[in-house]
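Both complexes below contain chain A, partnered by chain B and then by chain C.
Up next is the complex of A and B:
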């Protein structure tokens, strides 16, 4: 990497970018990208990387093959993943489930496919193009660099037009022009709210000049969502550049990234990126000789879901308990340290540089009229290809789950997909062909949320899923307002009753009524949306609730109180079940049929697992 | 006021090296006369302190409170609010089962049950010999590996109940 010196002006940045381009053109003809995000590392990618590096050395191919460590490529279902990219032909092959012992062949054959590694896909996506691979229907704006560049190298970022947008903004544009571009582009907040980003900027920009703040909300607390982590780990400079642009637009000199402590690798890469940007003069005073000052600091969360709410987040940065307060005043008027503040989510920010470089008109061509652009989803659960997916707004759930995700794992049937995390709802088969955006999901009783998408199959009990989300809310409710603190507790108790077969029809009606009350009367977004999983499952999967209440039956076989184990005629009297039963409730002499004492049975299922003759039935 | 309530733990004095590091860290913060603004450094200071001492006993809380010029009750209020902070010591091996949605639908509950059965402790408890603590963990964003178990800093993915004894064996 070239040595870093502060860049004096815009020309110095362009010259550097041009040099990097030349350097790249004369570099190694083959690039091997190794996906080194948190999940890649947890899936043991490091030994693969080391094996590739040492093979290149021993086969003396340093001048032919370059290794780049990148962030997550999004192909999480097949980690460790690598991409072999041929610079001449600009062709890529992605390999999945790579093992260290395959390194020698891989390095010898370079891009050959004939060495027994899973070939995942070829030329999988073309960044910043909407006509991306038809097979996957993906289009990458937010993830344009994630999985392609080395996140620990500012040169790699500058080499892909990085900081060009900031340079253009600070040297040729007026702050109100920048805000207007954002309003024209129609980008809406990707954290879940869907509020127009440009309008938010305009509120803050209109406040009298003085101390103002830009906050990046990187407190990705939705369980099952990991889009922001992937961006921060894979393309941290894109977030920093966008923060500087928004700072210029509203007249702020200070940015804060509020990041959850559960993301150590993202923190490490952000810290490094901030230092590199300062060293290059892209953060700090008088950026590129424009007279614009902007710097960024990191603040860590400490494990509180409610801190994703902007007023709670601001309290947390101020060193207080992360409790939300009533709005207005909105943070754009009175935010951090009571100064005008804009809070933008990571994914929102990751769109901004592309919009500034390519214009509002370009952005509006992608997605739907009301929701231009793309959305990143973290596709997880019972789907074959778990991973990060970026699709234009208006794509259908079917295209995502059965197209990109390739359907349900283990040949099970699709039952539901949960979007919007603990604030969202469940959608069923009938909803699969709805083009998704903020409004359509809300109309179906769910919400966009930050982008977690959990697929469920016939083995999942929807009442139990609703109970799970309420347990999460109970744990995370800050306790400040009564409807959320006590109301959710009562809701949870009723769901426990349903799951244990002690509920009647009145319970279902009470569930609905109390849910509506909590929605109407809670103080912040957490409480106002917490009954959504209950309401949506009640509406969409009413039959399952009725099954629990009327027939005392859990069709999915999840609610243990409603499950019954019986020994059938296949029993040969081997005594294995009786010996394994933790509560010794199985009786029977050797070589004779055994019986389960239903009164004492704790429904742990150990007998069924132990039996070698399929003689234990679960009803 | 009875005197017993003022009997403070001695953790801070028992670990002079950790105390020294924490002192240096706190002194390096760009504190001002404005105690409201200084409070903005509280959460990061507590992260640092918990890294050093493993948990946040009262003596450590008091040191942080005094350096930042805020009241001990405010420090305690923050510690009790955020799930990351703990004022009780944990075991040598902190076993955390991810409680995220992907892990939940892929059977994290069964994993917790197995740990509970083998260790004889419930979630949120520590074994008598201070070897193992069992707890839940907020989503770590490694949903493709669900269900996920973290033991201290080590991540185990695609965990099955059968793997639980192996994971415990690894803790040596």
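Up next is the complex of A and C:
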């Protein structure tokens, strides 16, 4: 299908999908997928792609191998990554750290393992259409197309049952049936709140007919979280289709994607997708002859974390200061331009088409009873395989970190994992076997959040980690309410005191007390959760705090004020340390013992790295 | 109706009532700070930002801000649980930790809500001390001092400026700990379309927004050996000044005020009411001229400097419609330094004219370029009602013990029409009294145009003047003024005469008056007091004021004469709407 024509009805869409299937069956037996998300492009995947394309031409394998540029595959630790997929055997090989010069081998070997190229895995996830029994913790619903289809081709999306759910909904279902399906499926908001999506829709659907809005919250802002970006870059149509379905359910004709302006590729692909969908008659008036009208526009956020909060987000769209306000009224009653509005996050929306296609029952089989479905995590930190993973709810942290993530890098010991981003908490070894969902994480003093998961090892100072996360909320607080505006500042100041050895036991008590008060009094979710990193580390890693306060010691050696470098008797007077010291605070004549001036030392550790005789001790 | 319990006592309230108001029904007062309500003007600041009014609600995971949480059926509220008290104290503690502790020298000392709360809650120590904000203090204008270091982000000024007045210059800027309320782009107030109405000052619970204090300049002037010191007092001052000395709202303290001003050392105590009568002479002449020709209607009043600056910025297309008559304050200055100076044999540049005004914009007005002919200011210093009260206290004058005194003549003689300038609708009523007389063959007997009186934001009436219907409208509060003007612009309404006052309720609610602390019933009392003074006057029409008649006879000639134009009329300047 080379040209796009408006689809008149549901049959036209089915015919097109069937044609695409036939076309694909007679196409090249091998597909090479190249991970071209923002991350992949930044990791220089473009030269790899070009090398592969030119190699196919020179080896004249155009009929055997098809190249597909996809969104992110989630294998961040080894970009550039490619997947070589054999359509007949339904087998894949994922290669990582691919270099352009490896293209000839890869093309020559087709679907056999290419010599000299890093093979990452053969079972990264189980594709939806495959019958093959793949051993993996990953179950992909949200990321079902991300990293597999060409996000810039609506045909690729339609070819994987794209828009089939929308077609079915608008031609055969009533709005309340759609809402009921969502309630039955039990999908909960993946932005962090965990509020049942179907119930939210029902609130808005119950409002009197008239102007209503559907908003896709693509203002992803947690440090280290990029699941929404991956979906928008890898499968934009899935989000558009879901928005149209939710619009049908609540009686809205207009959707808005509120997206960070810092996501240019996602914006570009979304804009293209919207245009394609309009051209195909899948957005716009009288979609597939059903009489249902729905269109979508983009609004750019200016990078304020708090604009992820729905009332702040709505203010921002309206051109006001991005500040949360007290609820009620809830947006479902009085939202954008004071009209009933539902705000759903990208990941939430990415579940919807699959649920509508396969039914609430199917969805409930995945995950836990209270939290059906999957969760995407951005696995980061000291783990071997940093990446984007999607696992069923109820999977243990151990399975994610030590299974999918393959454990801690550099043979260090696991210390903690922070879930829920800056609003979450740190969990330790004892918590690794807890099946995770909204409730279990909350019970452990953390939260699901949007899915950031940062792994820490023994070299991380937990007080410093709490300080780091608080710095983020401090910067991102809108400053509206007292506890968040001033309280978090005071928490941070107290943590600085702890890290610099100037705190006493009373400081620790005040930290806890103020943290509790901030949680109890803040206006929005940001403030209500901002002390979580402090509280959870205070509880779980109290010894580290005590070490800082009582012994003026940072065990991990991170808090520079508490670190001291000394030169021991092994010093031979080679002068290397003195020559490398950036503040010239090391003195000593050649071949004589050297000394560090503690007053001037900035604790950078360069002397220790420079010394060849292990003569510099760090205490 | 909704049934709930507060501190184990049941109460029934209508749906939509806040927990705060429900508790209030039981006589339980929850401390508040950011919450601000002006009942009669339908204005409420429900920012929910200070978190001082938090209460415990059974079954709710977090504490609830009582000012903006609606009461629900079966709700069980505890306002004084340890959890709520601790949280409330912590909020105050945090606010104080980021607040300059210069209470003793702060303009709002003893009149600060933050200070009062700290006292009431018995906060004796600040637990969470830390870094404090450092912002420049904005003193670049004549009316308002903005000290962002004292801003507690209650947003009350924003509601006053943006919602009530629709001037729209204040908003929160920056984020997190740096967040503070400022004019857009952190400009100085002087560089904005601020009207200096001072409603933000009235709304501010702390010393973040205060009036420019000129009392020291007055002291210096009073102690100048050579200067001849003259003071004028605006109509609304006399019905509010007493409040500062514990008198009940609505008390009239004209005589004591005059006596106090004499004691302070003024050589002559005159009345702006006299100039108000003069304004009516000029403005009514203009009105009749326009009514007769049918051109350039409606006429808009121009006594209010806040309103003048508002239309100069925001309605430049209407710049030729307002009356060109100067405000009473400026007319007074002009006459004092010409007619009176000549009569009394005083060189104009040796005369000090001070004004006591209910208004902060009057400070700005007196300093406008056009009001200093030949380099001599018509009005030299403007102080507010509050500043006068403080000066009286500072001088050790026992206000309540003072014997009543009368204004000096001739610039102290006034009519009932002059005094009602202090309330919304008063200027128009005064003009109608004179117009009716001038247009009829015989003087009218009933001077009470009650249809134009009241406190509601916009009032419309058709009044009969000499057998003719005149359609009039009155707006007080700039938000209401905007609504009215937009209606006219859209052609939805037509009037012959319109009175506009920047402050809701008129000058009785000016930015320089003793604070009403959200109790709008005080305004009604002040308003009624003005009409009582009016009713008690033997002469209630401006043109019947003998001193005014004499002024025209001896000096000005006819209303609208060339000399009158030179001294009593002004022009307007289009200003940037940003």
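Methods note: the second predicted complex is superposed on the first by the 607 of 619 C-alpha atoms of A that agree within 3 Å, B and C clash if a C-alpha of one lies under 4 Å from a C-alpha of the other, contacts with A are read in each partner's own complex, and residues count from 1 in each chain.
Simple rule for what comes next: contacts are C-beta pairs under 8 Å (C-beta built on N, C-alpha and C of every residue); 3 or more make two chains touch, one makes a residue touch a chain.
Not measured: the values here are computed from a predicted model.
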Ask   = Per the overlay, which chain contacts more chain A residues, chain B or chain C?
value = B
Inquiry  = With both complexes overlaid on chain A, does A:589 touch chain B (first), chain C (second), both or neither?
reply    = neither
Task = Classify the contacts of A:546 with the two partner chains as first (chain B alone), second (chain C alone), both, or neither.
result = neither
Task = In the overlay, answer first, second, both or neither for which of chain B and chain C A:318 touches.
result = first
First, second, both or neither for A:490, with chain B first and chain C second = second
Request  = State whether A:481 touches chain B only (first), chain C only (second), both chains, or neither.
outcome  = second
Message = Which partner chains sit in contact with A:304 here, chain B, chain C, both or neither? Use first/second/both/neither.
response = both
Message = In the overlaid three-chain picture, which partner chain does A:443 touch, first (chain B) or second (chain C), both, or neither?
response = neither
Message = Quick check on the superposed pair: does A:505 touch chain B, chain C, both, or neither? Answer first, second, both or neither.
response = neither
Inquiry  = On the A-aligned overlay, A:326 touches which partner chain: chain B = first, chain C = second, or both, or neither?
reply    = second
Query = Can you list the residues of chain A that touch chain B in one structure and chain C in the other?
reply = 304, 321, 323, 475, 478
Interface residues, chain A side, partner chain B - complex = 38-39, 42-43, 76-77, 79, 220-226, 229, 261-263, 299-305, 316-323, 337, 378, 380-382, 386-387, 418, 421, 452, 454, 456, 460, 465, 468-469, 472, 475, 478, 582, 604
Parts of chain C lying in touch with chain A, wherever the complex brings them together = 46-52, 54, 62-63, 65, 68-70, 83, 86-87, 90-91, 94-95, 97-98, 127-128, 130-131, 152-153, 171-172, 174-180
Message = Can you tell me which positions in chain A touch chain C when the two form their complex?
response = 304, 306, 321, 323, 325-326, 328, 474-483, 485-490, 493, 510, 513-514, 517, 519-523, 528
Message = So in the complex, the part of chain B that touches chain A is made up of which residues?
response = 36-37, 39-44, 46-47, 70, 77-78, 81-85, 99-106, 113, 117, 137-146, 148, 155, 157
